[in-house]
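We just call them A, B, C, D, E and F in the order they show up, numbering each chain from 1.
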Amino acid sequence: MKSQRYTDGLKKLHEIDGEAGQKVIESLQSIAPDLAKYTIEFPFGDIYQRDGLTLQQRELVTVAALTALGHSQPQLRVHTHGALNVGCKPEEIVETVIQLAVYAGFPAALNAMFTVKDVFIERGIITVE
Amino acid sequence: MKSQRYTDGLKKLHEIDGEAGQKVIESLQSIAPDLAKYTIEFPFGDIYQRDGLTLQQRELVTVAALTALGHSQPQLRVHTHGALNVGCKPEEIVETVIQLAVYAGFPAALNAMFTVKDVFIERGIITVE
Amino acid sequence: MKSQRYTDGLKKLHEIDGEAGQKVIESLQSIAPDLAKYTIEFPFGDIYQRDGLTLQQRELVTVAALTALGHSQPQLRVHTHGALNVGCKPEEIVETVIQLAVYAGFPAALNAMFTVKDVFIERGIITVE
Amino acid sequence: MKSQRYTDGLKKLHEIDGEAGQKVIESLQSIAPDLAKYTIEFPFGDIYQRDGLTLQQRELVTVAALTALGHSQPQLRVHTHGALNVGCKPEEIVETVIQLAVYAGFPAALNAMFTVKDVFIERGIITVE
Amino acid sequence: MKSQRYTDGLKKLHEIDGEAGQKVIESLQSIAPDLAKYTIEFPFGDIYQRDGLTLQQRELVTVAALTALGHSQPQLRVHTHGALNVGCKPEEIVETVIQLAVYAGFPAALNAMFTVKDVFIERGIITVE
Amino acid sequence: MKSQRYTDGLKKLHEIDGEAGQKVIESLQSIAPDLAKYTIEFPFGDIYQRDGLTLQQRELVTVAALTALGHSQPQLRVHTHGALNVGCKPEEIVETVIQLAVYAGFPAALNAMFTVKDVFIERGIITVE
């Protein structure tokens, strides 16, 4: 039996990350289904349910965190989609990454920007060169 | 002669970080005045001048980045002040740090929260226990 | 009303981290009581309840993680206590930190060792020089 | 002439990392044979020779460290093999990575889990989906 | 109209990073041309213009920084080229990375060495195995 | 009986880090004398003995690495002394840290600069404000 947090979390995961989030969850089933469960319950069932920040704010804050961490390009890809899915403007995502050049350095910002660029091309926001 | 970027940057630094920003600049004078100059010109004269994100958004994104980096408590202190100075609600700062528990782990979030708490006590937003 | 995860987590937190864990929880009350709640529910109510690793293994693994992160000395202090509380031998903690010199570099290992040393002195495992 | 540390280290490297360790050593020969020598002598000739932790404990601690670092997926792959080679149970490796979600965040844990999954598929511990 | 910093920076970028630097700048045009502009103006128009360190020193220091960061292999590739372009000896680059095993750990040093190796093969400094 | 690497390493440690290095070694004796031994043997008995980089180059590279890591202020303090002890000019150390603002971000560079400043004041290179 699924907890309320799980049910709420799964709904929120779909709202924010769409198919990409679902794929992460599925790809965990054969190795660590409980990590999938925690991913749904804690981030999406607890944190993303909270007031205090809009979903757009949460996604920009997440883009910033993932850019700073540097080693989280797959999650940055998912959350660039997520940011767009919840209504962030492409310009806001780009500006967030530019802002990070100051705090995490140019390499972190450049690598993040190329991940964002891939997502923007995939969604037709910019055209392939 | 100071560049326009310097003049604009210094004004923006004062608007955002107030006295705390000024102190950082001053404490660099005896060792690396040019690093002070670059800090004014690039982050504050270039980046914080930009459209695309409001100052409140820039500060929340910065709080997220500094929380994720983990080793930047002095800057997190300055930018917690900065976030409040430009109109972020205390709740938004707290929520940003809670959000980071998901992406950077609980230790990074807890250490950041205690820095935020110090600033909130200093400003009378919460009372000392 | 507290969830079962909260009740179980609080008990586990006390078992592992003792007074130090309780102090972290208390010091969050004025700023972010919900972060305290999540700290009890997710790490201690979910993860530390799991089979698959003994508590001793979980604590050594945590000491390794906090040593590698580098910016988490307060948590390393708490979990050095925690490791000893659940029955890890002092030697195992020391060896874990030495092992980290290989993977995270000597500065991370040295800084961690000095935190471990403080806890060992506090508990009378080694004597102050 | 090889030192005793080198001879002991090479034997230990083969015991732990098998072919994967040997490949790393070989691929360094054309660029930095001395880094290969140090890798054999210091980690494997000094540290992995020590008492105080079993080889299983050392490998779990290493999996935790590499998960926390985030940027070390090739080494995590080698040491997932290593952990299994010295007798860690698959479940212990999975649990170690789940534990890291608390300390290093979900992205670090998820990326590590997918590396572990690749190794488990390669060794037939789980089946390809 | 381009600033003097831009013109000077672009010239310095070409001197140091050659074609690889130019490609980074071009690949930013469709997504964030201003980040390209800042990359030229601040690192190359301000910092690399400075006295106090030779260009060779600046490049070795950069190789060290990128090795320590761990998540910046694309930039390490560009700056391995850069180091060679401004006259660093291959041996100096290799030694810098070996030195980093001490400070950032063996995984960071090994991953960096394999990136350096790729560049050395590309430039015919060492031959493909 | 001490190995040749130990004897050579201890001499090199004294040459580079002087009293500060000795103090680190001593403070490890009660908790992990073997970590002290490895610190002498591997970094100072192996790596700092190598040709290919001058001691000045090794120290600047180390200052860069420690600045990028962010969590290693005690080691940065020791190696700022070390850099000066082996003949680096104060200006070279300052420039190295300024260079790092580009690659590791302004917070890492600022925190490192304040550590360098402390050492410069201690040694009378700059005067207390």
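As a convention for this text, a contact is a pair of C-beta atoms (placed from the backbone, for glycine too) under 8 Å apart; a residue touches a chain by one contact, two chains touch by 3 or more.
Computed from a prediction, not measured in an experiment: that's the story for all the values here.
Among the remaining chains, those touching chain A and also chain F are B, C, D, E.
Between chain A and chain D, the least number of touching-chain steps is 1. Distance between Cα centroids is largest for the pairing of chain B with D. Of all chains, the one whose CA centroid is most distant from that of chain F is A.
Each of D-F and C-F has its own count of C-beta contacts, and the greater count is at C-F.
Of all residue numbers used where chain C meets chain E, over half belong to both copies. The two sides are thus made of the same residues. Per-chain Cα centroids separate chain B from chain C by 29 Å. Remark: chain C and chain D have CA centroids separated by 23 Å (rounded to whole angstrom). Multi-chain contact residues of chain C, defined as those touching 2 or more other chains: 34, 38, 42-43, 47, 50, 66, 69-72, 75, 94, 98, 101-108.
Taken as a graph of touching chains, this assembly is complete, with every chain in contact with every other. Contact residues on chain E toward chain A in their complex (touch as defined above): 24, 27-32, 34-35, 38-39, 43, 66, 69-72, 74-75. Chain D meets chain A in the complex at residues 69-71, 94, 97-98, 101, 105-111, 113-114, 116-117, 120, 126-127, 129. Remark: chain F residues 34, 38, 42, 46-47, 50 touch chain D in the complex.
Touching chain E in their complex are the following residues of chain C: 101-108.
Interface residues of chain C, counted against chain D in their complex, comprise 42-43, 47, 50, 52-53, 57-58, 60-69, 72, 75, 91-92, 94-96, 98-104.
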